[in-house]
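Order as written gives the chain letters A, B, C and D; numbering starts at 1 within each chain.
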Amino acid sequence: MSQQKLITLAEAVRRYTHDGIQYASGAALPVGSDAVVFGRELLRQGRKNLHAIFHCNTQQLNLLAGAGAVTKAECGFSGLEVFGFANGLRRAVESGQTALEDYSNLAMALRLLGGALNWPFVPATVNIGSDIQHRSAFAPDDYPAKSKIPTVTDPFSGREIGAFSPLRPEVAAIHVSLADPLGNAILLGTEWSRFELARAAQKVVLIADAIVDTDCMRQYPNLVRIPDVIVDAVVYHPFAAWPQSSPGFYDADEAHMKSMNKSLSSVEGTADYLREHVTGIDDIDAYLDNIGRDKVAELSDTATAFLLAPFRQWIKTPAEVAALLAETTEETAA
Amino acid sequence: MSQQKLITLAEAVRRYTHDGIQYASGAALPVGSDAVVFGRELLRQGRKNLHAIFHCNTQQLNLLAGAGAVTKAECGFSGLEVFGFANGLRRAVESGQTALEDYSNLAMALRLLGGALNWPFVPATVNIGSDIQHRSAFAPDDYPAKSKIPTVTDPFSGREIGAFSPLRPEVAAIHVSLADPLGNAILLGTEWSRFELARAAQKVVLIADAIVDTDCMRQYPNLVRIPDVIVDAVVYHPFAAWPQSSPGFYDADEAHMKSMNKSLSSVEGTADYLREHVTGIDDIDAYLDNIGRDKVAELSDTATAFLLAPFRQWIKTPAEVAALLAETTEETAA
Amino acid sequence: MNAPQTSTQLEQQPYTRQEMMAIATGRELHDGELAIFGVGLSMLAGYFAQAHHAPRLRSMTEGGVYGATPVGGLPWGIECNRISANATSFTNAIDALGFLVASGRCDVGIIGAAQVDKFGNVNTTGIWDGDIGDSYRLPKTRLTGAGGANDIACGAGRVVIMVTHEPKRFADKVSYISSPGYLDGGAARERYGFVGGGPSAIVTTLGILRPDPVTKEFFLDAYYAFSSVEEIRAATGWDLKVSPNVRVVPEPTQEELAALRQVDATGALRKR
Amino acid sequence: MNAPQTSTQLEQQPYTRQEMMAIATGRELHDGELAIFGVGLSMLAGYFAQAHHAPRLRSMTEGGVYGATPVGGLPWGIECNRISANATSFTNAIDALGFLVASGRCDVGIIGAAQVDKFGNVNTTGIWDGDIGDSYRLPKTRLTGAGGANDIACGAGRVVIMVTHEPKRFADKVSYISSPGYLDGGAARERYGFVGGGPSAIVTTLGILRPDPVTKEFFLDAYYAFSSVEEIRAATGWDLKVSPNVRVVPEPTQEELAALRQVDATGALRKR
C-alpha cells in the first residue's frame, strides 16, 4: 500500500525546491500540458538562480526566465510554436542573464531516457555535425565543447558517433490529467517525454487537473504511465497548464498566450504581468477568478472533452479533495 | 487514412515468413501475451531454420525449438516461470540443435530499443562482469566474444562499460488484446517489450484476440501503443496466446501448460503434440474445438474480465470480422 | 510577376503566396509514405497532401500524435487540442522523433527555416551581428532553436524545407547550423553517418530549389506563375544557379485550393 | 534438528521449511522500500512482507506490474492474470528493470538460484559435466538463463538470494555466473561500476548466510529452530565459515504464518 501524497501547491514548492535547484518541467510542449502553475508559485516564493531543464520551452520557462529567475536552461525548442518567439526567454538569453544550452527535441528526450537508466552517456546519431554539437553556452570558450556532445566509437563497427550527457534533475513538476491521492497518474494527449522524466528526476511532484479515486487506475492500469511508487507528492490544481491546453479539460487560451508573451517582452511588462497574474494569487479560487470564470467555462468547452468522459465518474469534487488534503496534513503533523 | 490490413493467419505466415528468417515474438512473458498461434502456423507451413528473437521464452519458442525448427535463438529467459524448464527448448539446446545466445531480460529489451532507434550499439551497465558478457553460443570458440558484449569507453568519465548489439528482426508477430482493421492496437497487461519490438521489427504482424472499430481507438488514443502506421498486417485470432493468458480475455490453461511442456520433453511426445494440437487445425473453429469449448468457457471466466469491459461495445463479431476479411481479400486480388 | 499582395488585394486573388508554397510543398509528398510534420505551415502543407492526393499518407507529429487531422483551424502547436481531438494514437517524443525519424524509418519530413544556405543547412537558433566566431557568443537575436527539425534533418529519408524567400533568409552560409543540410556540400553528410538523405527541395514563397546531385548546391528548379527567375535570384543571398530546364510550377487547381482551405479552416494562409 | 519433512508429516508441523524460508526472506524487506520480486517463492516472500510488516513497501514485478497483490493463489508468472487482476499500473520491462532497477533506484530485489557460490554469484544458466572450459560449450543440463535476475544483481541496492540448501547447489565456484554476486570477492564489483550493492543475504531452507564486509565471502549468520550448524555445513559445498555470534532465527509467529498463508492461498509453500 502506498500512502496518500496530496499537498498544496505552496507546500510542494516549499518542500521540494530551493534557490539554485536543477528543476525540470516542460517535458511537455509550448502549447500543451505543462505545470505552468508551478512556475507561478516558484516566483511567488521568490525562488531564483534556477537551472531549468525544459524539454521544450513553455509559458512557464518563458515567465521564469522573463522574471529573471533562470541562470541556466537546457532546451530542445525555445519558441512558442505558432505563437512565435518566447519573449521572456529570448530577452533573458540575449541579455546574457540566462545561459541557454541548445539541443534538439529528440536529444532532450534521450538525455532523460539516459538519466532514467542511469547510463553514463547516451548514443547520439542526431545533433552531431551541426553547431549544436560543439557550441556551448555553458562552456562558451571551449570549441569543441567536450562536455556537451563528445564523440564515442562504436565497438562493433569502429564508426564514430556522438554521446549525450544524461539528465537527472533534482525535482520535476509534471503536469498530468488525472492523479489519484497515492500518485498514480493518467496522461491524456501526447506524453511527450513525461514518462522518461518521471523516472529521470530525483523527486517527482505531480500537478493534476483533477483527482480521481484509485478505482479509476485499477480499471485502466495500462493508462497509468506514472505509478505511485516513483511519486513524492500530488498537487491538485485545476487549469494547471493555463494558458496552455490540457486535452480533455481545456483548450489553449489564445488571447492570454499572446498577451502574456507580449508582456514578457519587456521588464516593465513582466512586472505588470506578475502583479496582475502571479502575486497574491495563492489559492485555487483566486486563480480561477484571475483567469475569469467566463473564460474558464469557454476554455472548458473543448472538442477534446470526450477524451475525459470515461473517467468522469471517478473525479473527486473540490470539497472531497480538500478533505483528503486535510487528512494528509494531519498525518504529516502527527 | 490507413488501409485495412486484416488477413488470415495462414496468409500472414505465407506472406511474411520464410525458412531461415530472423523472427521475433515473445516480447511477452512465458505465461502471458504471446502470439503462440503464429508458431503453430509456422510449423503447419513447415518453416525451418528459424533465428528466433524471443525477449523471453514462451510456449511458442518451446514448441518451435522442440519441433526442430529453430537453429538460433536469443533470449533473456529460457524457462516457463512456475511451470519449470521449457523442455522443448531445453532438449534442442542440450542436443546442439538450437544455439541459444544468453542475455538478461533488460538486455533484450534494450537491444530492441537500440534497434528501434537504429543505434549502432546500446550502452550496457548490466550483463557485464558475468559469463553472459563474453561466452557466446553463436561464436563458441571466441573468448572474449567481441561480437557479443564488447566494451565501450564513456567519453565523459573514461569509464568502461559494455555495448549491446541492437536487434532489428525481419518480422515480428505481436500478440495484442485489441486491434482495429487498420492496425491500431491496445495491449492490456504489461507491455513487456512489445512497444519497442513493434518499432524495431522490419515488418509487424499483429495477432489480436479481438477486432474493434476504430472508434474505440479514438476514444482511448493513449492506450493505442502501436499505431497503424507501423503495422503491416492484422490477424484476428481468439485465444491466440493459449495455453498462455491474455488479461481481460482468458487465464492460462494450467493443465495444458503442463501437458504441452511434458510432451515437448521427447521427440515422440512432440510428434504426438503436433498431431493432436497443430496439424490440420487450420481455422478458428477447429482451433477452439481443439482447445475444447468447455475449456474455452472456463478460461474466459477470468478475474481480469473487468479490464475488457470498457471496450466490449466496439468488439466486432466473428461474422463482422469475416466480412471485413473478405473485403481485404478482394482489394488484394483487385 | 505579381506585386506583393496586400490584404485588400486578397479578395481578388485566386490564391496567396503562402497558399502556393503550401500546395507546392504538399505536392512533394506521395501516397503511402510515412511523413512527419512540424507546426504551422508545414502542418497545413502535409495535411493538405493527405486531404488531396495522398489519402494513404501515414502522418504524425513530433509528439507521436497519429491518425489526426486538424479541426477548427490551424493548430497552435503540434500538441494543440485542435489536433488532439481526433487522434487514433498518442505516444511520445522518443517514439515519433527517435523510433520513426532518427531511425530512418520516416520517408519525408517538412521543416521551416529562419535562414537557409546554398547547401540546405538551416538556422533557427539565432542571428549574430557578424560572424558567430570560434566558439560561442551571445546572439543578437535569439530564435527558437532546433526543435525536432535537427532530428528530421538527420534521419528522415528526405526533407522539404519551407521558407519565405527574402535575401536575409537565403545566406551563402548560415551563421549557425541548427539542422544539417549537406553541410559544406558533396558527400559531407557521410562523415556523420546520417541515415537520412538530406533536403530534396527548398520550397519558398517564390519557387522551388533543388540540390545538385553531386555538389549538393541548391539551384533554381522552378518558379511560380507570379514570380520570375530574376526576382528569385535577387531575393537569394548567394549567386543562385538556374536549371537550364527551369520551369513554371503549375498553378493550384480548384481541387487543390478547396482541399487546402478545408485544412486551413481559419484561413491562416490567406491572411499572410 | 528435524528430519526432512514428508507430506504426511505436514499436517502435524506448524510450518514447512519453504514457509520458514519465505518468512525469513520477507523479514529482510523494510517498510517504505522499493522492491522487485521475481516469480514463485520470491514473490510470495515479498507480498508476505507487504501483508505483514511492511504495508508501505512499494513493490513491482519485472514486467512493470505495480500496486498488485496475487489473487487466487501463487501466480504462474510475473504477468499471470492472478497478479494482473488488481494492478494500478502496467508499464513495461525497460521501466521496471531499467528505469527502476538497473538505475539503482530499487532498494531491494529477491532472486532465486539453481547454484550459488561463496561470493554470492548465481548460476541459473546451465550445469556442465566438469568445468565449462575456456569459451563456450554445450551444457549437460540447460536451465532457465538469467532472466531479470542479472539486472537485479547489478542494479538493486541489495539482493536477497533464496535457494534450497543442498550441497550441489552450494558450490565453491559456480560454473557459470548468470547474475553477479561479489565475483571473486573483495571489491571486484567496482571493476564494472555496478550501482547495486550486491547480495546482502542468502536465505535458504536451512538458514541465513551473510557476506563478510571485506572479503565478501558468505558465512553462516543464523540457522532455524529445526536446523543446525552441522547440518548446514554438511549441505554446503565449500568450507563454510560460521559467525562467532551465530544465532537461531526466531520461529514464525502466528501473525506471520497467517499473513503468508493469505498470500499463498493455494498452499504452494505447504505442498513442498
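Basically, a residue touches a chain if its C-beta (ideal position, glycine included) is under 8 Å from a C-beta of that chain, and two chains touch if they have at least 3 such contacts.
The model shown is predicted, which means the values in this text are computed figures rather than measured ones.
Colleague: Taking CA centroids for every chain, report which one is farthest away from chain A.
Modeller: Here the answer is chain D, farthest from chain A.
Colleague: When the contacting C-beta pairs are counted for A-D and for A-C, which pair yields the higher total?
Modeller: Pair with the higher count of C-beta contacts: A-C.
Colleague: What is the distance, in whole Å, between the centres of chain B and chain C, each centre taken as the mean of its C-alpha atoms?
Modeller: Centre-to-centre distance between chain B and chain C: 40 Å.
Colleague: For chain A and chain C, let me know how many angstrom lie between their CA-based centres, rounded off.
Modeller: The separation of the two C-alpha centroids amounts to 29 Å.
Colleague: With centres defined as the mean C-alpha position, give me the chain C-chain D separation in Å.
Modeller: Result: the chain centres lie 58 Å from each other.
Colleague: Give me the residue numbers in chain B that touch at least two other chains, ranges are fine.
Modeller: 117-118, 125, 159, 161, 188-189, 191, 196, 221-222, 225, 307
Colleague: Please set out, as single numbers or ranges, the residues of chain C touching at least two other chains.
Modeller: Expected reply: 64, 90-91, 94, 98, 102, 195.
Colleague: How are the chains arranged in terms of who touches whom: line, ring, star, complete or other?
Modeller: Graph shape, chains as nodes and touching pairs as edges: none of the named types, so other.
Colleague: Where do chains touch, given as pairs?
Modeller: Every touching chain pair, ordered by label, is A-B, A-C, A-D, B-C, B-D.
Colleague: Under the definition above, what is the set of chain B residues touching chain A in their complex?
Modeller: Listed in rising order, the residues are 114, 117-123, 125, 146-147, 150-157, 159, 161, 163, 165, 186-189, 191, 219-223, 225, 306-307, 309-310.
Colleague: Flag every residue of chain A that touches chain C in the complex, lowest number first.
Modeller: Where chain A meets chain C, its residues are 28-33, 55-56, 75-79, 81-83, 85-86, 89-90, 93-94, 96, 100, 102-110, 113, 125-132, 135-137, 139-143, 145, 159, 161, 188-196, 245, 247, 251-252, 254, 257, 302-304, 307.
Colleague: Residues of chain C touching chain B in their complex?
Modeller: 34, 50, 55-56, 58-60, 64, 66-67, 86-91, 94-95, 98-100, 102-105, 195
Colleague: Within the complex, which stretch of chain A touches chain D?
Modeller: Per the stated touch rule, the residues are 1-3, 116-118, 180, 182, 184, 196, 199, 214, 217-218, 221-222, 224-230.
Colleague: Which residues of chain C touch chain A in their complex?
Modeller: 39-40, 61-65, 71-72, 74-82, 84-85, 90-94, 97-98, 101-102, 121, 125, 132, 134-151, 153-155, 176-180, 183, 189, 191-195
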